[in-house]
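Scroll down for the structure; my scribbles are underneath it.
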């Protein structure tokens, strides 16, 4: 089989060598920055050392020394990774980032994380499977997505922290300091021009180096395995594992769109308009980060890189074996309730009687929880927002929470449906 | 065609602007009548058609809605160039028990001979459309199951789902035996197990 | 020197640009007011509003990529026929036969980049709280633009008519089949009956409307082509105009009050 060839092609090794040299260069530049800007010779020396390390990598790969990632590490990563751990790590990562934001946004720390990431990515490319997946032309944008979302999460959080400190001291946010007006010509017009030139250049380089994919002509009898939606919808496709199409494909996307449009009307917080801040908008920013970074981007990455044939989960270095079989026998809530809990037969019951426990649960969740929250932990919100705003806010968050809730239920008690009425295609 | 109508209505609505002021007091006048029995209907009629102005706007809105609905209906084609729905699938004697072959997969079904729940020997046509999101499952001879490549649903040879996200069994298609022993499959009629349609004699051939 | 002075002094030049070069303050203002494209912008802006670290230039990049897509898309249309017979082969020949065979790449990678840049734009607008009053409406316009951008990418995905295309679209469009009430496998569709005749069946549901048929075939290809090349781009262009207009009318790019 193909994937058993552990040797790297010569071109790949040269490519990796160039890659490591570029990273070495980055670190040299950073060392220079530490020395000049931060006046910190110790840091500067450390990063020079790192640059040297990467340069050694570069030499090793360019001279085709056939280096590959140790099997033990690959196996460890494969063993640790599964849909549960992947998602849990992502959530914990976000929580840690928000709680220790001061630590994580420190330039030195952020740079260290980036370098570890680059080192690991470089070594990972020596793995055949990993390399096959990453270098698929349509997957390249997702690599870009990962790095740009990472960067554009770091940058605003760093600015937010600076602003939060200033606000705490009673000073205005940084944005306020540059109140004076400048003329659009030349200040803005030229920025735009330069930006366009850079983008055009980047796009042309990308178009020349990477061919757009074209597979076999369409055929309605041979179906590729796995069959994936376009990458930007893979978050939705991942939801299909947990929900029926009408939920994952219609109801939840509709709620996403409505929810996004509703944001300005339910966010009653007048602070934090026009500058980066975290402290003044903790709830809003955390919720949005959870929705965008974890429930959208992280799931896209999962769908692209870690879902293989038959939509099975594969570790990053695990060959995509179409015969891997994972039992997917899930149980409905009604089965749990009638068969296991009451020891009763399920067959003779009409759908209403049979599904009553699930239906009641859903109704309580959707209708009972909002008043309860209004009375208890979200009382201050309720008072400030009024009935309609509060109800919409809670409902939207509840729908967003449905996905993680269903995930956890699936992982823990192997639940398939909370409500199961195939007679009317109504399964939740 | 519809354009002039709409334009005309707008013009009318514009002209009606002045009388609208006069029309306003007409409403309280209608109120005493509203106390008597057929109140609500009169109220609706008088708001919609109580003045020339109201009538014009009502007509305008109604014709806009009609145009919109007409456009939506236009988008549903009346003639389809899709292949005919009845397919001849060999003769009854071609089929062996428990064998699945992909001969008719491109037409959208498998013809299978197997024992049913009541242990009768039957032939049925199973749709190749996964009940999850419509990919085409593959028959895995080793595991004796249909496995969908898209999200991993599994179906037994009978079409009943037993793993993965598919919410219900594959559908069966109308099938019958001609007098000279041929099998005809009609793709336009579907039979779903969960609503008891597999008991319909049109959904299988008794061997 | 002399030549440029001659050109600038000519009647033709003056008929186009009605004021001297924008070298002094006055003319830098005038140029913004007299040029139809430049007057998308105000004459002057707050310095903080256009700082790269503030806007990341993502809205601008999205707009730029939309223009790139429009231009490359029009060029591709000269060679592409949306029929079962030709579609795949036309794409092949765009790669193998056409001179400058990177137009398809430019178009495809541009589309991917646009999806990323529009997400990042939304991300920054959220994180700066720029959707707050008075910009609520423009945020809404933006969300519609986001949906339309994804639909543009999605409809374009089918056009090469290869295995990747039809199966991605099959899976995607099958979701329409599950629309509540309006899809024939959606919850409640069975309830819409008149005298025992089902109103919603595979020949009358939401998916049928989208594909113009019961499966992803020639009619679907034509529909996606028209949506991709005409209908959605027009809607996006219109909404971008509204979006830009509102950025200005809502007081320019947001900033601390």
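When the chains are written out, they are named A, B and C in that same order, and each has its own residue count from 1.
Heads up, the rule we're going with is that a residue touches a chain if its C-beta (ideal position, glycine included) is under 8 Å from a C-beta of that chain, and two chains touch if they have at least 3 such contacts.
Since we're looking at a predicted model, the values are computed, not measured.
Novice: Edges wherever two chains touch, nodes for the chains themselves; is that graph a line, a ring, a star, complete, or other here?
Specialist: Looks like everything touches everything, fully connected.
Novice: Please identify the chain with the largest separation between its CA centroid and the CA centroid of subunit A.
Specialist: B
Novice: Quick one: which pair of chains has the most contacts?
Specialist: Top of the contact-pair ranking: A-C.
Novice: Taking the mean of the C-alpha atoms as each chain's centre, how many Å separate subunit A from subunit C?
Specialist: Here the centre of subunit C sits 24 Å away from the centre of subunit A.
Novice: Any idea how many Å lie between the Cα centroids of subunit A and subunit B?
Specialist: 36
Novice: Counting only Cα atoms for the centres, state how far subunit B is from subunit C in Å.
Specialist: Comparing mean C-alpha positions, subunit C is 31 Å from subunit B.
Novice: Two-or-more-chain contact residues of subunit B, please, as numbers and ranges.
Specialist: In subunit B, residues 133, 135, 150 touch at least two other chains, as defined above.
Novice: Scan subunit C for residues touching two or more other chains and write them down.
Specialist: 167, 170-171, 174-175, 177, 185, 215
Novice: Can you list the subunit A residues in contact with two or more other chains?
Specialist: Residues 220, 223-224, 227, 237, 244-245, 249, 423, 425.
Novice: Can you list the subunit C residues touching subunit B in their complex?
Specialist: Going through subunit C, the ones touching subunit B are 167, 170-171, 174-175, 177, 185, 203-204, 208-209, 212-215, 217-219.
Novice: If you look only at subunit C, which of its residues touch subunit A in the complex?
Specialist: 22, 25, 28-29, 31-32, 38, 41-48, 50-54, 56-57, 60-61, 64-65, 68, 88, 91-92, 95, 102, 104-106, 108-110, 112-113, 115-116, 119-120, 123-124, 126-133, 135-136, 139-140, 143, 146-147, 150, 153-154, 157, 160-168, 170-172, 174-180, 183, 185-191, 215, 254-257
Novice: What residues on subunit B touch subunit A, complex-wise?
Specialist: Answer in residue numbers: 102, 105-106, 132-133, 135-136, 138, 143, 147-152, 154, 162-165, 167-168, 194-195.
Novice: With touch defined as at the start, can you tell me which subunit B residues reach subunit C in the complex?
Specialist: 72, 75-77, 80-82, 131, 133-135, 150
Novice: Using the touch rule from the top, collect the residues of subunit A that touch subunit B in their complex.
Specialist: Counting only subunit A, the residues touching subunit B are 220-221, 223-227, 237, 240-241, 244-245, 249, 309-312, 325-330, 417, 420, 422-423, 425, 427.
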